[in-house]
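Okay, so subunit A shows up in both of these, paired with subunit B first and subunit C after.
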Partner chain A sequence: MKLTHLLTSAALALGLATTAVAQDKTKVGFIYVGPIGDGGWTYEHDKGRLAIEEHFGDQVETVYQESVPEGADAERAITQMALQGADLIFTTSFGFMEPTVAVAEKFPNVKFEHATGYKTLPNLSTYSARFYEGRAVQGHIAGKMTKSNIVGYIASFPIPEVIRGINAAYLHAKKVNPEIEFKIIWAYTWFDPAKEADAATALIEQGADVILQHTDSTAPQAAAEKAGNVITFGQASDMAEYKPLPRVSSIIDNWSPYYIARTQAVIDGTWESQQVWQGIDKGMVEIGEITDAVPADVKDEALALKQAMAEGEYHPFTGPINRQDGSAWLAEGEVADDGTLLGMDFYVEGISGQIPN
Partner chain B sequence: MDMGSISPELLLASLMVAATPILLAALGELVVERAGVLNLGVEGMMITGAICGFAVAVNSGSPAIGFVAAAGGGAVLALLFALLTQVALANQVASGLALTLFGLGLSSLLGQGYVGIKPPPVAKLDIPLLGDIPFLGRVLFSHDLMVYLGLALVGLIWWVLKYSRAGLILRAVGENHDAAHALGYKVVRIRVMAILFGGACAGLGGAYISLIRVPQWTEGMTAGAGWIALALVVFASWKAGRVLLGAWLFGGVTVLQLNLQAAGFAIPVEYLSMSPYLITILVLVIMAGDKSRAPASLGRIFHASQ
Partner chain C sequence: MLKLEKRPQPSRLWTWVTPLLAVVITMLAGGALFAALGKDPVEAIATIFWQPLFGEFAFYYRPQLLIKGAPLILIAIGLSLGFRAGIWNIGAEGQYIVGALTGAGVGLAFYPTESVLIFPLMVLAGALGGWAWAMIPAVLKLRFGTNEILVSLMLVYVAEQLLAAMALGPMKNPEGMGFPGSRNLRQYESAHNAELITGTGMHWGVVAAFIAVIFAYVLLTRHSLGYHIRLTGQAPRAARFAGVRPARLVLVCLGTAGALAGLAGMFEVSGPAGQVSIDFNVGYGFTAIIVAFLGRLHPLGILLAGLLMALTYIGGEIAQSNMGLPAAAIQLFQGMLLFFLLAVDVLTNYRIRLARREVA
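What follows is the complex of A and B.
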């Protein structure tokens, strides 16, 4: 990882020595929160980066830095990338929001794209996927397949995206199984395989036979497989190596079309700041193969649900839905607006426990 | 809140598992530091051990051979550190940090073909009679061999350092390398052996994560465990028994807080999340109120001409 980084830097230094040749190349940079080999979140972003390279060939050069901590050091890493002459920089974790804003203000000529955040500037766009649509499908399968009626959920940080996922999964599990109970662990990390595995084990020991994860590594899959009789879902990436059990389906983030489109916009000079939030309909969220471990009727229902969301006939947050404290949130037939969803900081009715601040 | 859903039996059993990687790594580093060498490369040696052990176990089909390879991998990396600091007399802090960076890079290079592969399962020891004791049987006698190896190592290191001639020499080298040298002890040779031992232990700790605790290979999967092991040695005042206590506390509270969260315990998650660090440090600092201190030659460069 660092070695490759060193080599990249060395290559960059060489590149600088011969700038005249390389000047018309568009340079696209990526800041990752985990290692590209995490098998989940960062892995999929890096697939997007490779898709750019394949699509544009010699026209575009990409650079990346992996395992960048969320916080002050991120600002240094992004600044360095901007100084190295990147024309477009994707920062791919929620925690990079403030550092990205700070660097974007200093480099008005560089275009920035921040994943899953909500702050924009004339040279800073945000983009995210409606992962909660995939969570609805997972919740449906989980509710149908659990025997203990306990679903374990490994959450990462208490940010709207994660809370949205918990709510969407819970609502759809509850719909098909009124007895359902969610046990939620906040791991306070995106990537720590040992801790993720421990969290999965703790949930399984407390009776969960379905594990949903919002962390980036495949460790919970391995823990579930070790325990046996537990089903899981791939998160961010297909995690196909755990098919057909414990992994019975997955949410796949497909960033490639977006990354290619935005790179093209920079090349054409048509890039503009925007806020993009795409779901199953545009293909940014994909549902990985539902394996034969899932009964055929459940699989059909899950696919029908996916189809309804893809065609815009169904929204996972359709009323009546109450907040955790019992107060009304959405009336019968009312659909949640994007503003509330983007800032979601409450559980829906029926989930126990509190969201950490 | 539903405390009934937490089984103390399973909790204590998982404590032993969660504590083992940092225990092994910290014990190795303890010996290194007792010999007067500060090796900050524990994280790098752990992750190298994790991938070496994983790769060899997958290819040979035997976790036991994997663990041997992990110890070897960690020791080879440690040898690099030994060459830099004991032969080339490089700065130990800088060399150790470089070792961590190098280990992380090397492991992701070595591990490229191993993402998503499942390692051969490690058999748990089925101890007859003892394993059938209610409660204690599940907590103490139902683990894999490595857990017991870690415990045996605690006793062995404690005994060697305290009562054996070899331990006395090792401590002498760590306390005052000039005096030890004047007495005719081979300071550099002893330190190199201690460094190799430390590397082997760190490698075993890493392989425990990749072969048993998780079990899979993921880049950067030790995620800071090496640094915790390093801190543990200091807070445990360079004593093997306290390292064990610290590792159990850290592992125990980590597992406990996850279980409390899952059970919906009414303590804010932020506090639960920081509790392993706080409690471990607090307990060990209070215990360190006695006269224990760092080995006097810790981190100092030795050359026979000085």
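What follows is the complex of A and C.
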């Protein structure tokens, strides 16, 4: 048992050593949960990869694997990249957390970066974006624009990130439109155009004239365009092809600055494990162009809200806010702490329905 | 002019040659596909078939072949019994999920007690879970004459919802900060389906797959039940005269397939996957259908087909990562395998004759 174990580690080390010598380029790997052409989440991560290539040129080589299932297959995909001599590996979905941890433990000399998770190691960082800041802007526009007072929300999985987005959007819609009602459909997928289109259609049939989505395809945009008089927002990517209607704005994840900075850190030998959560201020979250379909005053308010968050003057979760059951969460003027936000598993007051479990 | 002539009996030779022929044609067509994508076809095919076995990092990939192949083989063996008798269980994916849930459920229920009895109990629970899920289409078929293809397939979607509910609810890791997914069973020694010999990929699921192959071989060649299964598939009327009770056969075939799929799920969740998560299932139950047919519904054939399928998965991943081939191209490549197998199958039952054009 011991001997074989030693042999394996030796072989692993050898594999690493030979590849490390064979190349002087820094190799950066990406593990994607969807296809790079999804037009949303993975598409933006891949734009970050291309930005690395453009920024560093011949200094850096990038590799990627798309549509990697979350689970045992991910572990092999990540291991395979580490074996092939990657110096830095980004795993870009929450479901890659356990596999990334398992591989990172086996390859202490390779640096790992896991998006949206919470487990770290000396050679494993986590990074995520404060998408909820973008949701606040969306909520504001949605609350102002809706005529039926019903906002449809295509949610993916009931994890804190998604729940946080629903809460942020709801709070800011409610602020400008007390009559607002949210209808939420859980699609249990990050990317499935057929399911997303079905969900959008169902929400529109229930009277929603605004569709917010936490899934990555443009199918809901297409469904809204077909239905007419429904507005949507680009998710993860600008989804500009649906401008000016139904898409009136978008949340864009801009990973490029972060990816370039972390690659630079590996090249310089200054990389350290960290937990990063950046928002509009650092440019990781961008608000896509607000089209002319939105009245000028609403657009100005939305941009002011964005500006206030960028400058740190305003936090989307500022009290008084109660939980769904009516119990107090944040007192007047109190701002939510990151710990609670990161583990958020409750709706705020006013949202009907249950978080599935 | 070419003419197809039905053989009096399916050709034994072609039965075994067609899978190989299908592999070769797939390589050619796949090579053309890769070339059309602007990649070197020879390098791509070599990457897929050579790298995992003999490449630089084969020491890592060879064990992975077992890990990836074992659930496919285990499930395909179970399916093949039913397929031979004309009982179409399409829902192995669901039975796989439920087996994983019941198996993991037992393990999680005992957390953090350490005992050597926990793992055997989980194995039992996994098999029972899969069996019970397969009994639903079986009983419905016998009582109400429902179609087992539809019912077993529909139950896959039910099982997926059940899986999501478990990962988000009762089985959610209490220390997971509200994130979905159970505790990691790999960090719970009594429930961990660990490698039996480090670095070999050999875990209990692989052992179970090999046992299933041997068991199925003996059953089909030596046991009267195996004879009944074969007979029912070949000549249902004759089987009835021979005293085969169709109802019993439905229960046995679906039950065995379910139990084996459940076992596969249980070994996967406690080993390679490690946790109950929303996306736990990745289609083994469906791919196993291809494996069963590629292996000619024969235990040894299935063993080889399962390993071949695992090879295309792992080699395909390497080709993706090293050569930048799109994932869809690899899936297409795998799909071609079944497509060409079905296409060349015609040679088993027909022979090609040169026929002279008749003058009208």
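Rule of thumb we're sticking to: the second predicted complex is superposed on the first by the 335 of 357 C-alpha atoms of A that agree within 3 Å, B and C clash if a C-alpha of one lies under 4 Å from a C-alpha of the other, contacts with A are read in each partner's own complex, and residues count from 1 in each chain.
Convention: a residue touches a chain if its C-beta (ideal position, glycine included) is under 8 Å from a C-beta of that chain, and two chains touch if they have at least 3 such contacts.
What you see is a predicted model; the values in this text were computed from it and never measured.
Three-chain overlay on subunit A, with subunit B and subunit C in a clash.
In the superposed model, A:Pro35 makes contact with both subunit B and subunit C. Looking at the shared chain after the overlay, A:Gln206 reaches subunit B, while subunit C stays out of its contact range.
In the superposed model, A:Asp198 lies in contact with subunit B only, and not with subunit C.
Within the superposed three-chain model, A:Ala227 lies out of touch with both subunit B and subunit C [touch as defined at top]. By the document's definition of touching, of the two partners only subunit B reaches A:Thr218; subunit C does not.
In the superposition on chain A, contact of A:Pro356 is made with both subunit B and subunit C.
Touch criterion met: A:Phe94 reaches subunit C, while subunit B stays clear of it.
In the overlay built on the shared chain, the residue A:Tyr188 is in contact with subunit B and with subunit C. Among the options 92-100, 110-118 or 218-226, the segment of subunit B that ends up inside subunit C in the superposed model is 92-100. Residues 1, 4-5, 35, 67, 158, 188, 356-357 of subunit A lie in contact with subunit B in one complex and with subunit C in the other. By the touch criterion stated above, subunit C contacts subunit A in their complex at residues 56-57, 59-60, 64, 67-68, 164-165, 168-169, 172, 177-181, 184, 186, 197-200, 268, 272-275, 277-280, 282, 314, 317-318, 320-322, 324, 326-328. By the touch criterion given at the top, residues 1, 4-5, 7-8, 11-12, 15, 29, 35, 63-67, 69-73, 75-77, 79-81, 83-84, 94-95, 98, 102, 118, 157-160, 188, 342-345, 356-357 of subunit A touch subunit C in their complex. Every residue of subunit B that touches subunit A in the complex is listed here, in rising order: 5-7, 10-11, 14, 18, 21, 101-102, 104-106, 108-109, 111-112, 115-118, 209, 213-216, 218-225, 254-255, 258-259, 261-264, 268-270, 273.
Within the complex formed with subunit B, the subunit A residues making contact are 1-6, 34-39, 67, 152, 158, 183-186, 188-189, 191-195, 197-199, 201-203, 205-208, 217-219, 221-223, 225-226, 240-241, 352-354, 356-357.
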